[in-house]
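Both complexes shown next keep chain A, but they swap its partner, so chain B is in the first and chain C is in the second.
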Partner chain A sequence: MKHSYLTALILIAVILVIGVGSQLLGIRLYDRIATNLLISLVLVVGLQTFMGNSGLLSFAHIGFMGLGAYTSAVLTIPAQMKGMALPDLYEFMKIVEVSPLLAMLAAGVLAAAVAAVVAYPLMRLSDAASVITSFALLVVLYTVMNNWSAFTNGPRTLFGLPKTTDMPIAAIVAGIVVIVALLFKESRTGKLLRASREDEVAAAALGANIPHLRWRAFILAAFIAGIGGALWGHFITSFAPKAFYLKETFLIITMLVIGGANTVTGAVAGTVLITVAYEGLRSTEGALNATSFGAGQVIGLTEIVLALAMIAVMILKPGGLFPNREIGHILTRARRKKEPAP
Partner chain B sequence: MAFAIQFTIDVLSLGGAYALMALGLVIVYGILRLVNFAYGELIMVAGYTMFLASGSGLPWIIMALLAVVMAIVFGILTDYVAFRPVRAKSVTAVLITSFAFSNLLQNAALLFISPRPRNVPLPEIFSQTVTIGGAITPVRNLITIAASIVLLAAVAFLMRKTTLGIAMRAAATNFTMARMLGVPANLIISSAFALSGFLAGVVGILWIGRIGTVVPGVGLEPLLVAFIATVIGGMRSLPGAVVGGFLLALIDTTLNYTLSQDLLKFRDAFTFSLVILILLWRPQGLIKGPASGQRT
Partner chain C sequence: MSETRLAVNDVSVEFTGLRALDHVSLSVLTGEVVGLIGPNGSGKTTLINAITGQVKLAGGTITAGDTRLSGLSPREIALQGVSRSFQIVRLFNTMTVLENVEAAALAKGASLAVATERAKGVLNELGLAAKVDELGESLSYGDKRRVEIARALAAEPRFLLLDEPAAGMNDAETETLLHTLSELPKTRGLGLLIIDHDMGLIMRLCHRLHVLATGRTIAEGDAAHVRSHPAVIEAYLGKGAVHA
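After this line comes the complex of A and B, so read on.
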């Protein structure tokens, strides 16, 4: 158990270093990148609680993030702006205006509630069928967001969210989420779930109610995704449903998988690594576009490089950078090896 | 009466296309138990080949053949890039590599061709209409029906009567046993990918013939359709995929005719919810495949 505390400590230190470091440098762009990174961290660690422990790939995560972002938007956009931002909103909702913190919680709760209802039947499925249905779920959520104009302003951009997310808030939420993920991993549910990941038949034979365990993890993941979505919404302040679709799904899955889906450490490491790589590639792309010696715009280069990196990591290290052990565990083991037990 | 004919032709032509899409996905899934997320991009490849060839002045049929050949080449390429290196390691790894490969192809199209829709050359006949029993139907729907009947028959023949087909079915039933009996594993898997690419190529031409243009994301809808059809029909069974395709077309067309304009926007949500319900009732899909063997 000791190494879990060490892991939590190290991961929170990483978050602190990112936060404080970006402030010390004093460049606005870095502040933005750091905040973005921390929000991604919330999402990726949230995905890890389900994917890492159950071993099932889930595509629907970003859909729940969208749900959270829109919930928080509807609850927090100032009443006088609602007429413009959401002209078709139902009358009784027009006067609602709550504090962003409350709205964030509501976003998480709503996402979790929706997940609880829709996911219950899906958790019986394994392997390809579960992947496909989670993909279907993403499409359903996207379709609903794209068309339920009353709440989401349809495919158009929704604007007017108060900008309440800044770096410290993102860092605090990210820290809490990391701790929750580690606690969940070591909880009874998490342990049984990980047993089912390794061997479904054996775990079931030992009495693990696998669909129920997966269901709990999925609800937790959706809750975190909802919170992450609200956090992101109040950071970016205007967005459209297409922000919650395949491109973002690809990005967070890349982060989780390159880092190592089975460990929280992997989720954190992957997020940091990919964010840095992504921003680097983006600016290269921007520079290429600015010089404009080629024909037309350079787009998609970033994604191509990330996709190649992902394939390479999968071939060389299928478990990601941290396939099994958390950082704390690795360190305690290394120390134990150095000085043999007394 | 005219309505009944219209409805039947709509269902059959849509269902034929859906069935072919689903079949292409299941042929690979049946053997490897692995989903190919890059399947939709094979359709995109076929579309862009048509676009790139359109300036060459070749007869249309040659361009179409070229498109199908390119889809086959990329199908085999999928195997070599995304599947073969990680096949033995873990299921999740392969799902992710194929997802990454799909992203790679899409973004390559974005980068090297254009994010904007590109026109695809189509023969005159694709835009004509005929009247059957009072119902006005585009000829391309009839072409789709004819093509799907011919192809389904051809695939059925291939799978039942030829050595390759029998070996593929054996591999789908019990891969290890098939290998012990001398079925060359890599060859069979590559052939499955080639066949999958072939079907994707043909479907690509028919599908893009409906839309008239090709964009980098054109493969998404066929991929989703194939997913859903296979889940409905049974992930492991070839007839299941065909049944699933036609059933999905029936559901889609019925919803098209019955839902009001406001609700029609949510059609995808309805369809996918229905899939979830079907899975609740029969997690195996409607038609059960061969007894499961070990994944390789």
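After this line comes the complex of A and C, so read on.
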């Protein structure tokens, strides 16, 4: 258990370094990148709670992020702006205006509630069937967001969210989410769920109620995704449903898989690594285009390099950078080996 | 402790046209060790799979005490106090040995603290205390088998079904295993049903033997009776061996 504290400590330190570092440099762009990174961290660690422990790939996560973002938007856009931002909104909701913190919690709860209802029958499925249904769920959530004009303003951009997310708030939420994920992993549900990930038949033969365990993890992941969506919404302040679809889904799955889905350390490492790579590649892309080096524009370099990186990691290190032990566990074992017991 | 009986009554199992078990009846009492032997393909593992709900019955019933097990899911059967090991080891590979064993106690409803304590106790009992922090996949074959037994024991079963627990173990390991297993019925009051090809182990460990061949019971009784039974000799050595 001791190594879990060490893991929590190290991961929180990483978050602090990102936060404080971006401020020390004093460049606005870095502040933005750091905040984005921390919000990604919330989403990726949230995805880890389900995917890492259950071993099931879920494409639906970003859909629940979208639900959270829209929930928080509807609850926080100032009443006088709602007529313009959400002209079709239901009458009784036009006067609702709550604090961003409360709205963020509501966003998590709504996403979790929707997940609880829609996912219950799906949790019996494993392997390819579960992947394809989670993908279908993403499509359903996206279609709903795209067409539920009253709540989301349809495919048009929704604007007017108060900008309440800044770097420190994102860092605090990310820190809490990391701790929750570590606690969940070591909880009764987490341990049994991981057992079912390793061997479904053996876990069932022990008496584990696998669909129910998965369901709990899925609800937790959706709750965190909803929180992450609200956080992001109040950072970006205007967005459309297409912000919650394939590109973003691919990005967070890449982060988690490259880092190592089975560990929270992996989720954090993958998010940091991919964010840095993403920003680096994007600026390279920009620089190349500015100098008009070679023939024509360089488009899609970032996506292609990230996709290749994912393939390379899958071949060379299929479990990701941190495949099964958390950083604290790795360090305590290394120290024990160095000085054997007297 | 009152005696309970795990009873297999007239059970048949069919796999698309093949009758894997044909009207087999067998019982195991708590505190008793029963050996299930027979040539390859005689239905031994299928019988364990039938008891634990991994295969469906084509006929017959299985009960533990007053509870009917046949028709329940593997999970429900486990919760009735029937634990098993697998012929091909099924550990939770990327979890530590301790977590592997804890999972069994957690599945039965133990709290985290109780599960850890119980797992450590069982691992000590099986001489695995030094391995608690190793990952399942990094163990030697013999250790994997022992962790699987530890995991089954951590569920505190009334009936323990072991499918070739000594396979892949060297002589010294088998000897230690024999000692551990022979203590279980006394210390834990459980009934043990064991499949193994190591006849030395089986003959010394079991109170009673049950012999299957091509899905049918061909003999049952104590070791001496079974060893001299013509049908058993024929099943193992072929026709004509009896008179040779």
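Keep in mind that, in the parts below, the second predicted complex is superposed on the first by the 335 of 342 C-alpha atoms of A that agree within 3 Å, B and C clash if a C-alpha of one lies under 4 Å from a C-alpha of the other, contacts with A are read in each partner's own complex, and residues count from 1 in each chain.
Quick note on the criterion: contacts are C-beta pairs under 8 Å (C-beta built on N, C-alpha and C of every residue); 3 or more make two chains touch, one makes a residue touch a chain.
Predicted, not measured: the structure shown is a model, and the values here were computed from it.
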Tell me which partner touches more residues of chain A in the superposed arrangement, chain B or chain C. B
Taking the superposition on A as described, I'd like to know which of chain B and chain C A:R216 touches: first, second, both or neither. neither
A:L301 contacts which: chain B (first), chain C (second), both, neither? first
For A:K185 in the superposed arrangement: first (chain B), second (chain C), both or neither? neither
Now for A:G207: first (chain B), second (chain C), both, or neither, which partner does it touch? second
Tell me which partner A:P323 touches in the superposition: chain B (first), chain C (second), both or neither. second
Tell me which partner A:H61 touches in the superposition: chain B (first), chain C (second), both or neither. neither
Pick one for A:E198: touches chain B only (first), chain C only (second), both, or neither. second
Touching partner for A:H234 - first (chain B), second (chain C), both, neither: neither
Starting from the residues of chain A touching chain B, keep only those that also touch chain C in the other complex, and list them. 319
Touching residues (chain side chain B, partner chain A) in the complex: 29, 33-35, 81-82, 85-86, 89-93, 95-97, 99-101, 103-104, 106-111, 114-115, 220, 224, 227-228, 230-231, 235, 265-266, 268-269, 272-273, 275-276, 279-280, 283
The answer for chain A against chain C in the complex is residues 186-188, 191-192, 194-195, 197-199, 201-210, 262, 319, 323-325, 333
Contacts from chain C onto chain A in the complex sit at residues 52, 54, 73-76, 78-79, 83-84, 86, 90-95, 99-100, 102-104, 106-108, 111-112, 115, 133, 135-136, 151, 155
Chain B contact footprint on chain A (complex, rising order): 55, 57, 118, 121-122, 124-125, 127-129, 131-133, 135-137, 139-140, 143-144, 146-147, 246, 250, 253-254, 257, 261, 296, 298-301, 303-304, 306-308, 310-311, 314-315, 318-319
